[in-house]
Amino acid sequence: MKKLIPFITLVALLGLPALGLADDAPITADTVQNNLNFVWTCVAAFLVFLMQAGFAMVEAGFTRAKNACNIMMKNLMDFSVGALAFWAVGFGLMFGASNGYFGHSDFFFSGATGDDAPWNYAFWMFQVVFAATAATIISGAVAERTKFSAYMVYSIFVSALIYPIFGGWAWGSLYHGSGWLEGLGFIDFAGSSVVHSIGGWLALAGAIVVGPRLGKFDKNGKVKPIPGHNIPVASLGVFLLWFGWYGFNPGSTTTGDTSIAMIAVTTTMAAAAGAVAAMLFTWMKYGKSDIGMTLNGALAGLVGITAGCANVSVTSSVIIGLVAGVLVVLSVLFFDKIRVDDPVGAVSVHGVCGAWGTLAAGIFDTAGFSMHTVGVQLIGIAACFAWAFFAGLILFKAIDIVIGMRVSEEEEMAGLDFSEHGASAYP
Amino acid sequence: MKKLIPFITLVALLGLPALGLADDAPITADTVQNNLNFVWTCVAAFLVFLMQAGFAMVEAGFTRAKNACNIMMKNLMDFSVGALAFWAVGFGLMFGASNGYFGHSDFFFSGATGDDAPWNYAFWMFQVVFAATAATIISGAVAERTKFSAYMVYSIFVSALIYPIFGGWAWGSLYHGSGWLEGLGFIDFAGSSVVHSIGGWLALAGAIVVGPRLGKFDKNGKVKPIPGHNIPVASLGVFLLWFGWYGFNPGSTTTGDTSIAMIAVTTTMAAAAGAVAAMLFTWMKYGKSDIGMTLNGALAGLVGITAGCANVSVTSSVIIGLVAGVLVVLSVLFFDKIRVDDPVGAVSVHGVCGAWGTLAAGIFDTAGFSMHTVGVQLIGIAACFAWAFFAGLILFKAIDIVIGMRVSEEEEMAGLDFSEHGASAYP
Amino acid sequence: MKKLIPFITLVALLGLPALGLADDAPITADTVQNNLNFVWTCVAAFLVFLMQAGFAMVEAGFTRAKNACNIMMKNLMDFSVGALAFWAVGFGLMFGASNGYFGHSDFFFSGATGDDAPWNYAFWMFQVVFAATAATIISGAVAERTKFSAYMVYSIFVSALIYPIFGGWAWGSLYHGSGWLEGLGFIDFAGSSVVHSIGGWLALAGAIVVGPRLGKFDKNGKVKPIPGHNIPVASLGVFLLWFGWYGFNPGSTTTGDTSIAMIAVTTTMAAAAGAVAAMLFTWMKYGKSDIGMTLNGALAGLVGITAGCANVSVTSSVIIGLVAGVLVVLSVLFFDKIRVDDPVGAVSVHGVCGAWGTLAAGIFDTAGFSMHTVGVQLIGIAACFAWAFFAGLILFKAIDIVIGMRVSEEEEMAGLDFSEHGASAYP
Amino acid sequence: MKKIECIIKPFKLDDVKNALTEMGVTGMTVSEVRGFGRQKGHTELYRGAEYQIDFIPKVKLELVVNDDLISKIVETVQKEACTGRIGDGKIFVSPVEQSVRIRTGETGEDSL
Amino acid sequence: MKKIECIIKPFKLDDVKNALTEMGVTGMTVSEVRGFGRQKGHTELYRGAEYQIDFIPKVKLELVVNDDLISKIVETVQKEACTGRIGDGKIFVSPVEQSVRIRTGETGEDSL
Amino acid sequence: MKKIECIIKPFKLDDVKNALTEMGVTGMTVSEVRGFGRQKGHTELYRGAEYQIDFIPKVKLELVVNDDLISKIVETVQKEACTGRIGDGKIFVSPVEQSVRIRTGETGEDSL
């Protein structure tokens, strides 16, 4: 523990008050606020990390038992491989000294480059969990049929290139960069677009390229549902994601200040409203409330409030959540109808509701409604779709050609647990 | 992220030290302490939120597979609907300007009302997760046989009326209110009565009105256990609840100060003692240690220490936990004997041990033992039971008459997953 | 809540800024920093607590359904019984006024002894969750065949004696003690040796004394794998452990300062690297990536970085993780070959990689490489093994003679859930 | 010696078992099966799409008994398992030529 | 009256069931089984050790039908369940002496 | 051609299977069942209340073989599955009239 390491003795001194020697080491309020910012930002990052577990549970619960190990591997690996890729390349592209389109410094992040090393670490820590989130989103949409090797490859490209480049456009100036989109005044506080829509539109491209699972659509194109194997696990995942979102949204202040409370409140209300809206809407539509949709509804509300969590009123957050909850249901049905097979609804939750959230952040801006703001938001939404979807198409097509995106029919029927990992989830 | 939103630039300034410009923005220690209070209160609220997942897992694990989806829906919905109801009505009743019996301001909480908006948000955030906890407690006691629609309705009434009114009596003055009970000097630091007993006695009323599950008691009234379908999941739930309790008890300071450590310690010791006591007690009683009871024992210890966590010694907390661990076992057996069917033991854990904890907070008060304090605690316990149990009976009876509390025999046998949601948890 | 309890009104005053009366109560930056240290240390302790759930899930997932309840009981009990034992005896031995070999004050920790009570509580809270971790590690290695009573007994001895004594050697001076090993300049920031190796070598002794599970090795000593029953649950456990590690490593500063960020980064990178290394290594070795090994790889990386998390560079942390990820695979195979049956790989993850991490903390020390430092680390590693393994052998042998370590063949075949607890995990 | 196979509604298992043991049946083997018949399945809802569940959970009871007991057992099962509602199930009787008790090697009647 | 037992590959169940219902079969009972045969199992990997899975998941289909339908049903099942790859399974026909519909007590042909 | 049905203790499955394959049996079908018999169940504890588990997990082994092999197989199974303790299970032999290999359409002996 601390005593054992020289280079933080200063810190140890600061710590000493705790050991009753306060008077020896006077420190300034600025220093303490700075420390508080570190504590808050790190704690928030840890909560966001836990979203990986949430995604893993949601995806596993909504798919079949024979692919559960593969899903765990994917979720563990897109974080692990993604973190390495973001460390080596992505962070520099996103936050390095930039020409407005991409950064070109701070590769193989060592914390040493640039000023003020300690804060670099805190900032990087918060950014890496965001990058991993974007990569994980795709996983669900291409589940149960994608080659593990192909998955590894695109995870690297997403964390190292696709996510950081758009991220730089919107958030670069938070560090050494500067992006054209933020230049316009684009509002995306915690990443409805930067993280969720990017992930969602990539997921769409992936689902299209890899194609639907065997048996998802019959010869006449009618949907034949493939129920997930463990709904309670999927629900646990949603609770974990919701919990992690309290790091995702309030944490995006990266300062421990009074603004986090209001962000936590809008986040809570939007999620609640999203779940309620989806529940009631399916109840009216089918005569029974649909649990899968309700779970998606809660996530839809969370994605929807992510952009505007810091600049909309509580009442607006409720409205944003309600709309997202209905939108996600319609969107899932729509993508089923156009025969895009998205086992967990990632495209609808993250892509569609991410776009909605970005728009809503403009419409309900507490700074007052202005066509200009809304216009900028629309530009951001369009840029996000264009970049993510087409970069995705190219990436996945390329992978498909080189190593193949999809396993063979036999392997798919046997399940990826066996064919990719020689394992079974519940032996 | 922060740069993007005007209204927290001050904050951003505070944050700047992190970016190495400390000197530009001198701030006071008071401001930093205030920020710290926000960070601590929000983090604590997030931990309490996770208790929703804990409750969901415990309840699902202790019931049958055919009702698992319904249980997830209930836990997701009592938080979501509850949050909306508490936002619209409950918060105002509990903390609004009050006549001593209920508040009558701050409805449809906008944060704008009253002074000092930012803190309102932090305070509200912490209160809403408490309200949701009270509502969730009932869920377990009426599981596997209650109509989902009835569940929705009473969740709204509990979060909007029953919980807030008693809460106002004990805690109103924390905000704009003032309650008669706190006026007497009633001690309930984190809510053994305000949250747990209220939930527990409502659960008792609910279990009585809805009646036992088919097959729980044979014609001679002998108990026929209906084992839960997933004990590891129930155990995970207990760990999550215990974790969340570290937000529940220490967080109730709503100030980031040195008192939280001692509260964390008493909370830990009471939970440990409760689990050990229940384990040993069942071991002696049945020759084997009973896992279900041991899990309940840990929760019993946590509920027991909730009232006194900040005003009893560590040794007292061990005693409180040991008593709670034995009490919960006897209580579960008692309610079985009087043929109240409580699938998860909610009444015993939250109702009975909540009362014990409230009493113990008086008996073991570090301020010294006084008959008066104990007397006040007894008044509080009685008021809590009277209010929650009878208000509950009326509420549930009314619902039973209007829409019916219970599903049909066929539906119950088929399982609520199918009959209420047309789903199955493990297709 | 706070208003209700006299003795923290000072605190309440500090809190008041939150209620808009800042000016009334001027406070110093030192006080606020001190409060921040409490908040940070407590939050970190809570995260470490959650590792208990992680261990429970990993162990349950990697073993058979018929022993799942027993595993939950063990994990709940080693924390509960362990906390009581550490409170009564262990803490005093580890941190009490010491002769360099063991402490002899602060038994039955009341917080009252010694100066500066509040900090005592925070410190104790952080230490108790560490002690519990060491005890839990053993659980996995002796799973599926150990008597519950024997388990209880050794948990007490580990938390009360074996862990604290070595802990005092390395960390005693953090409090009232002083250990010979720290005197030499031994580096073990967060406990690769103090917690993980101790647990791992005890696990080795336990696994040897209790012997392999029926059917793990055929007559010719060939390994016959006994697959775990729920890999997704094991994976959830790994995510929870990783999450908890963010309390374990950064929290070990026990001061809320800027150093925590860099520690969080090295922790993240080592875990990621460990997972990737194990995944690739098994892929090359078997033609398929092995999920069980990959999960162990992530944990191996975490254990490996624990000692050096605060004094190695980010690049070094990647190397440390990569090595750990390969090492754990080879180690698991090695212990299988020498017919030590460790169902979850606890010895390899915690013992072997703990030793590696301790060595690596010396090799990659940012203070610069020195044979002396490395030498001291080797002494520490040796002392750790010698103490834990032999003390363990004696302890387990003694227990075996007195009450027996192992259940009967019949009981083992029937499963411990039934034979020890008369229960089944999935009725 | 004959084998009686009964396919019944799961929740009837206890009643049937008790009735059989009361009349002196000492052994039977039970397995979970799914049935398809006049009692058509139901539709379930999954994330907004409905689908048909054709097979309904049933329990299959197998007993091998001496010929003299057959009629009595068939009768009892029929009585106990009957709810009068569609899907109650079937009873099938088929010949068994030989029976062995593994523990003792006894054969024929004594082995039951 | 005879019983037809079919052991088939799980993913063929739907096809077989549909074909049978089309030809007028009104009832059957299905159960999950594991098979051992020419189609040898596969090896799995668990934490670095390989092991052999001998038994392969199959589905067992049981129908009791009138003698006249036997050949037609056997033929249909054989056609529908056949992939031509090893492990397709078997069809066994055995005598049934008596059948009862529990709901009504009907016996013989009417009970099917 | 006859069907041999064996109900055995689960942990005996491997031994029995190995013995049978050694003696040249090429196929069998296995299913999880629960048994009721002389070996009475046990009581379990759930949240302080005890209850009786009547049905004990067993494994059912089904093989259809030529008549000439019957006695040898029955013998082997009896030997391998026997622990001498109550609950070892039963072996039942019953007639099979026809057998088809789905893959090839072969019938009779060749289909086994």
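Think of it as A, B, C, D, E and F in the order they're written, each chain with its own count starting at 1.
Going forward, a contact is a pair of C-beta atoms (placed from the backbone, for glycine too) under 8 Å apart; a residue touches a chain by one contact, two chains touch by 3 or more.
No experiment lies behind these values; they were computed from the predicted model shown.
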> More C-beta contacts across A-E or across A-D?
Replying inline: A-D
> Counting in whole Å, what is the centre-to-centre distance of chain B and chain D, each centre being its mean C-alpha position?
Replying inline: 47
> Just how far, in Å, is the C-alpha centre of chain F from the one of chain B?
Replying inline: 52
>> Measuring centre to centre with CA averages, how many angstrom lie between chain D and chain E?
In response: 18
> Residues of chain C that touch two or more other chains: which are they?
Replying inline: 28-29, 31-32, 34, 36, 38-39, 43, 119, 122, 227-228, 230, 286, 288, 290, 292, 421-424, 427
> Out of chain D, which residues touch more than one other chain, so two or more?
Replying inline: 31, 44-46, 50, 94-95
> Which chains touch which?
Replying inline: A-B, A-C, A-D, A-E, B-C, B-D, B-F, C-E, C-F, D-E, D-F, E-F
> Across the complex, what residues on chain D touch chain F?
Replying inline: 3, 17, 21, 26-31, 64, 94-103, 105, 111-112
>> Touching residues of chain A toward chain D in the complex: what are they?
In response: 62, 223-225, 227-228, 282, 285-286, 288, 290, 292-293, 296, 329, 332-333, 336, 345
>> Per the contact definition, I'd like the list of chain F residues that touch chain B in the complex.
In response: 44-51
> How about chain D: which of its residues touch chain E in the complex?
Replying inline: 2, 6-8, 31-38, 54-55, 58, 60, 70, 74, 77-78, 81-95
>> Which stretch or stretches of chain A touch chain C in the complex?
In response: 1-8, 11-12, 14-15, 17-20, 22-23, 25-29, 31-32, 34-36, 38-39, 41-43, 45-46, 49-50, 52-53, 56-57, 60, 68-69, 71-73, 75-77, 79-81, 83-84, 87, 108-111, 117-119, 121-122, 124-125, 128, 148, 230, 233, 420-427
